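For reference, the structures are reproduced in the following blocks.
Both of the next two complexes hold subunit A, though its partner changes from subunit B to subunit C.
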Partner chain A sequence: MTSASPMPLSFSREIFATVSPAPYLLANLTNVEGEEYPRRTNSRQTDEFRLPIINVNSLQHCFGSAVVRTGDTAVVCGVRGEILHSSDIANPPNVPATSLHPQSGTAGSDTASPAQDIYEIPALNLLVPNIELATGSSPAYLPGNPPTALAQTLSQRMLSLLHSTRLVDVNDLRILYQPPATPEDEETPDVSPAVEIKAYWTLYIDILFMSLDGNPFDAAWGALLAALKNTKLPRAWWDPDLEMIVCSDAISDARGLNLHGVPVSVSFAVFDTKRHKGMGEKDMAWVLADPDTFEEGLCEETVTIVVDGLSSNGMQLRRIEKSGGTIVGKDIMRSIVGRAAKRWEEWHSVIGQAGG
Partner chain B sequence: MAVPEATLSHLNRADGSATYSSNGYTVVGAVNGPIEVQRRDELPEEAAIEVNIRPAVGVGSTKERYLESILQSTLRRIILTHTFPRTLIQLTLQVVNTPAPFDCPFTSSPLPLLPALLETAMLALLSASLPLASTYTSVGLALAMPSPVKKKASLSATAIMPIDDKALEQASSIHVFAFTADGDLLVAESEGLFAPEYWEHAYDRALELCIGSKDGRAEGEMVVEGEPEDRNESQWLRSVMQEKAEQEQRWKT
Partner chain C sequence: DRRRINGPPGGTSAPIFASALSSDQTIEKLRPTRTRQADELRKIFLKTGLTPSASGSAYLELQVPNSPSQSLIPQRSTLKLSCTVHGPRPLPRSAQFSSNLVLTTTVKFAPFATRQRRGYVRDSTERDLAVHLETALKGILIGERWPKSGVDVVVTVLEGEEDGWWGDELSGGASGAGKGGGWGLMNVLAGCITVSCAAIVEAGIDCVDMVTGGVAAAVLDDTTAQKARRKGTAGDDDGNSGSVLAVLDPSPPEHREVIAACVVGYLSQRDEITELWMKGNAGADAEALVDRAVQAAVATRAVLVQAVIESGQAR
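And now, the complex of A and B:
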């Protein structure tokens, strides 16, 4: 019996990727034959993002909703409002009556950003983002399990960012009541009775992942932004006879939210050959924009920055989150901010077009 | 900047422990490791790292999960996890004291607590004598823009202060940095409103506070009994460790 000649040792791409993921990514990034730039395993360039696709107001029972897709990461976001009565608040925040105007909220009060804004939303938890990963979006997050550390972390990052960017104006969430002038007041006609805050809108922002292929935060934040931009709150007022809050069901009465700026989140991951075995002699590192799940598994260092290009002072940063490694220093951060500025334009125009 | 206080190895049952207090925050940390790991958390080639943060009041919430995730990814880079495959290194941080809450733009932010947590983790790891790739030091800074009315505020007019109650009241952005002993940026967390130049400005100041002056002076040349202005975090860390080593070597003399 003749022995068969030994099979040449060669793998298909898929097997190579499964057996030794880090050298596979390295081989892709260093193999530039016939290519002008190194390409990643998903055939994107190192600084290439996935284009977001946005659909808005596809959910009927929400006050506002959006579906965002970047590559194979797909997210649904729904915003629903509930009324929080002032009488139910144990320690109501002390809001000076002079800052309340019954008509405000209809006009774009972009300049008015009184300090009081800052305290009411966090103190009363008027914005409640929640992220659900356990929907079958990825094999790592099976349905029916309690929220994982990642889901909780993402929810907290959303909440922090909502608070620190002051995206939602508290004036839009207040339900005010101007008591009519009583006979005693008529003796001093100049002084009208003080405006009262009867209730607040609380916005529950639920974000469900339909499919997760890396970079959950950017997609979730984009969905939140698009959903809030298209959120319409029904007109609500205090009815003194019924002694309750009444909402109008006429769509013409409903009004949108005045959002402060357009903060856009941009994420990067750093692939560092030093952190893996069998990667050759030379230490190399790449900053990969908008990483997918395969790349996230190989990258320990991540950078997320939130930029806003709408401000009058040029491109402003709203947040920097970087941890897990030492590759990104001052210089790389500078180039990352430059790339994030380009990405902001992209999101801004996509969200603008989606707004119907 | 107030000098932080630290006590090392004061918990008898833990492999390593430390208490750190600075700017009104006090954190107790304990490290156990390498210990047996649960099957689902086991990693074939390195030690798993578990971080538990307990708040001063109540039970842990998403805020603690978020801080845990920052610490976990940082420590994975610092601890030489490859030396203990298929084990667990467990770090528990209990916040004991926080400054009294007051109304300011960053009341709900988790960041002011982060430097104290990072420093406590470092001290506890040193106390446990786990093999580390490097040490790190952390600092929190608050930036206050002179006035929002001015369109172009100059860099020099921007006040940079360590995070405390007074600074938070007028801050427009807060920044937390951690640098390795070599001066590499390990953690950078910022929030608020700021331009890229301001972040770089804060970076320079933080590096100075953590490592010392920027001219790359060799570490051995630093004087331990320096002037208070010369004090930096890594120097402080070294003096704490020196004190501990001296105390432990007392029996020899």
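And now, the complex of A and C:
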């Protein structure tokens, strides 16, 4: 038997990536010849994000809308408002009349809202975000099936983030009515009739994915932020003669929402060689920012940070979510949060420019 | 629907605008009129390659001149469609053997696509459109080259054409088809056919030809009635005094009454019709209406060819 040297295998990068994805990613990350930093398969650096592109207000049936593209992930978000009558609420929350200021256009967003206000929105379901992945955005998400676990968890995370950051001020959603003075009130002429909440605006926030290439939560949250920032609610009032809520359709009467800060979501994935076979002897781990579909399939551990730079105390941390592994400890978390703060600047400037 | 986040349990209602409640004369001034010629189509914007993970994808938009309005009530009626094609893919093992390519079409309206908010569950109009689309596309696919395989065509309607002017529809039903015509669906179907063909061609699936959708309608020519209304001399007329005008690419809000409409899926190189859907009472002019719809499809083909050439160059 001749001992022939084994024929060198040569196949293209695409075949290598399909047949053995984890060694392919490892080869990219460890190949540092001629470069200062390791490059990922999409030729980004490990801490480099995709730049978002935002277009707003292109949908005419919505009070506000946004289309966000981060790389190959594309999302459309539309915000529609509908009226919820107080008479349709089974257990109306107890809002003291002193906290209701008649609609003068601006509710002070820096004043501390009374404790009851923060429970009104969650209790009444006034914000209804929904994420739809099954639009053919990726071969794994075709229509005809009920929402997958990923779609349900995304919607639920968005809802809980909306509630915990108190992004939307409940004063913007209340439709108040001050009844005229009746003859009985002449006995107490100094007290004007109590202002009551006749109805609420309910915002249906529908988010559809046109294309999915990893990191759906950041794109969806960015689209929601841009859409809410550009939402204009019409002026609404209770008409006692018609006994219904009537709105004015003049754009000059419409007012935007007073949002509390600009919370931005930043996600990372951790590539850990321990979990895959054929990785060599050394155990290495990399934290990859803004993962795409290829990287998400190889990473179990993910971290999502929500930061807000517009609060009165400077850059504030609003949420940390971490699951799937043990690589990220306190030191790595500190550097991740620092990186997220820089990403906040990018999102903030892009959303600001898109508003116009 | 347990799997989605639902709104308030008591239900919500769409906002009612004060101007819609006012008298007829004041809102009548807002009624749009057709400014194009009878055989002029609206400008179409068609682009492919927006979803790289799909085999093929395309986006179609009807461009309407942007007239800034002072009102929050949406005035324009446009069409925005996005299509993705996945395939040919192997059928699941449990599926029956099929010697031809199995085509599955889905049409879904986004919740913000129409004046009334739609839900996420597919309803009967969407299934109906999907069946019409499948009929149109089956005629161009060469099925026998792909046994035991399936292809999925998914069309998402981001903004749908309206069935009539909103001022006429104050008592409209759930689908917004106040007069029961459903004329906007024909424009939606024509757009779906064109955009699906662009996505299929980008996916590289074997076809005999390219199919385009075209719509033509027979409408009441009410220009004389409009002039009489402005002068204040018009009585209660049901439109019998007006003549019938045939128009291509009708926008239903622009016409007071649509008598009949027809949408075709047409292959112009082979001069074949794969899909034909006619609504209304065309009477003796049914064939002429079909011919006009074919003219509209031929005019759309130029846009489709341009988009396909650009997608080929982009590769």
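As a working rule, the second predicted complex is superposed on the first by the 341 of 356 C-alpha atoms of A that agree within 3 Å, B and C clash if a C-alpha of one lies under 4 Å from a C-alpha of the other, contacts with A are read in each partner's own complex, and residues count from 1 in each chain.
One rule holds for everything that comes next: a contact is a pair of C-beta atoms (placed from the backbone, for glycine too) under 8 Å apart; a residue touches a chain by one contact, two chains touch by 3 or more.
Note that the structure is a prediction, hence the values are computed from the model and not measured.
K.L.:
Determine, for the superposed arrangement built on subunit A, whether subunit B and subunit C clash or fit.
P.N.:
Here the two partners, once superposed via subunit A, fit next to each other without clashing.
K.L.:
For A:Arg334, using the defined touch cut-off, is the partner it touches subunit B, subunit C, both, or neither? Pick first, second, both or neither.
P.N.:
first
K.L.:
Of the partners subunit B and subunit C, which touch A:Pro122 in the superposed model: first, second, both, neither?
P.N.:
first
K.L.:
Return the chain, subunit B or subunit C, that is in touch with more residues of subunit A.
P.N.:
Tallying touched residues of subunit A, the top partner is C.
K.L.:
For A:Gly325, decide between first (touching subunit B), second (touching subunit C), both and neither.
P.N.:
A:Gly325 sits against subunit B, while subunit C stays out of touch.
K.L.:
Touching A:Gln152 in the superposition: subunit B (first), subunit C (second), both, neither?
P.N.:
both
K.L.:
Once the shared chain is lined up, is A:Asp88 touching subunit B (first), subunit C (second), both, or neither of them?
P.N.:
The answer is second: A:Asp88 touches subunit C but not subunit B.
K.L.:
Identify the partner contact of A:Gln316: answer first if only subunit B is touched, second if only subunit C is, both if each is, neither if none is.
P.N.:
First partner only.
K.L.:
Could you tell me if A:Ile245 is touching subunit B, subunit C, both of them or neither one (first, second, both, neither)?
P.N.:
After superposing on A, A:Ile245 lies in contact with subunit C but is clear of subunit B.
K.L.:
Between subunit B and subunit C, whom does A:Ala236 touch in the aligned arrangement: first, second, both, or neither?
P.N.:
second
K.L.:
In degrees, to the nearest 10, note the angle that opens at the C-alpha centre of subunit A toward the centres of subunit B and subunit C.
P.N.:
130
K.L.:
Please indicate which partner A:Leu142 is in contact with in the superposed arrangement: first for subunit B, second for subunit C, both, or neither.
P.N.:
Only subunit C; A:Leu142 stays clear of subunit B.
K.L.:
Shortest C-alpha to C-alpha distance from subunit B to subunit C once the two structures are superposed, in angstrom?
P.N.:
Minimum C-alpha separation, subunit B to subunit C: 6 Å.
K.L.:
Can you list the residues of subunit A that meet both subunit B and subunit C?
P.N.:
Common interface on subunit A, subunit B vs subunit C: 152, 155-156, 159.
K.L.:
Can you name the residues of subunit A that touch subunit C in the complex?
P.N.:
59-63, 65, 72, 74, 76, 78, 80-85, 88-90, 124-126, 128-130, 132, 135-139, 142-144, 146-147, 152, 155-156, 159, 202, 204, 206, 208, 210-213, 232, 234, 236, 242, 244-252, 254, 293
K.L.:
Which subunit C residues qualify as touching subunit A in the complex?
P.N.:
Touch list, subunit C to subunit A: 3-21, 50-54, 57, 69-76, 78, 80, 82-86, 89, 104, 106, 108, 110-115, 117, 120, 122, 152, 154, 156, 158-159.
K.L.:
Which residues of subunit A touch subunit B in the complex?
P.N.:
118-119, 122-123, 149-150, 152-153, 155-157, 159-161, 163-164, 277, 300-302, 311-326, 328-330, 333-334, 337
K.L.:
Using the touch definition from the top, list the residues of subunit B that touch subunit A in their complex.
P.N.:
Checking each residue of subunit B against subunit A gives 45, 62-63, 65-66, 68-70, 73-74, 76-77, 103-110, 151-152, 175, 180, 184-196, 199-200, 203.
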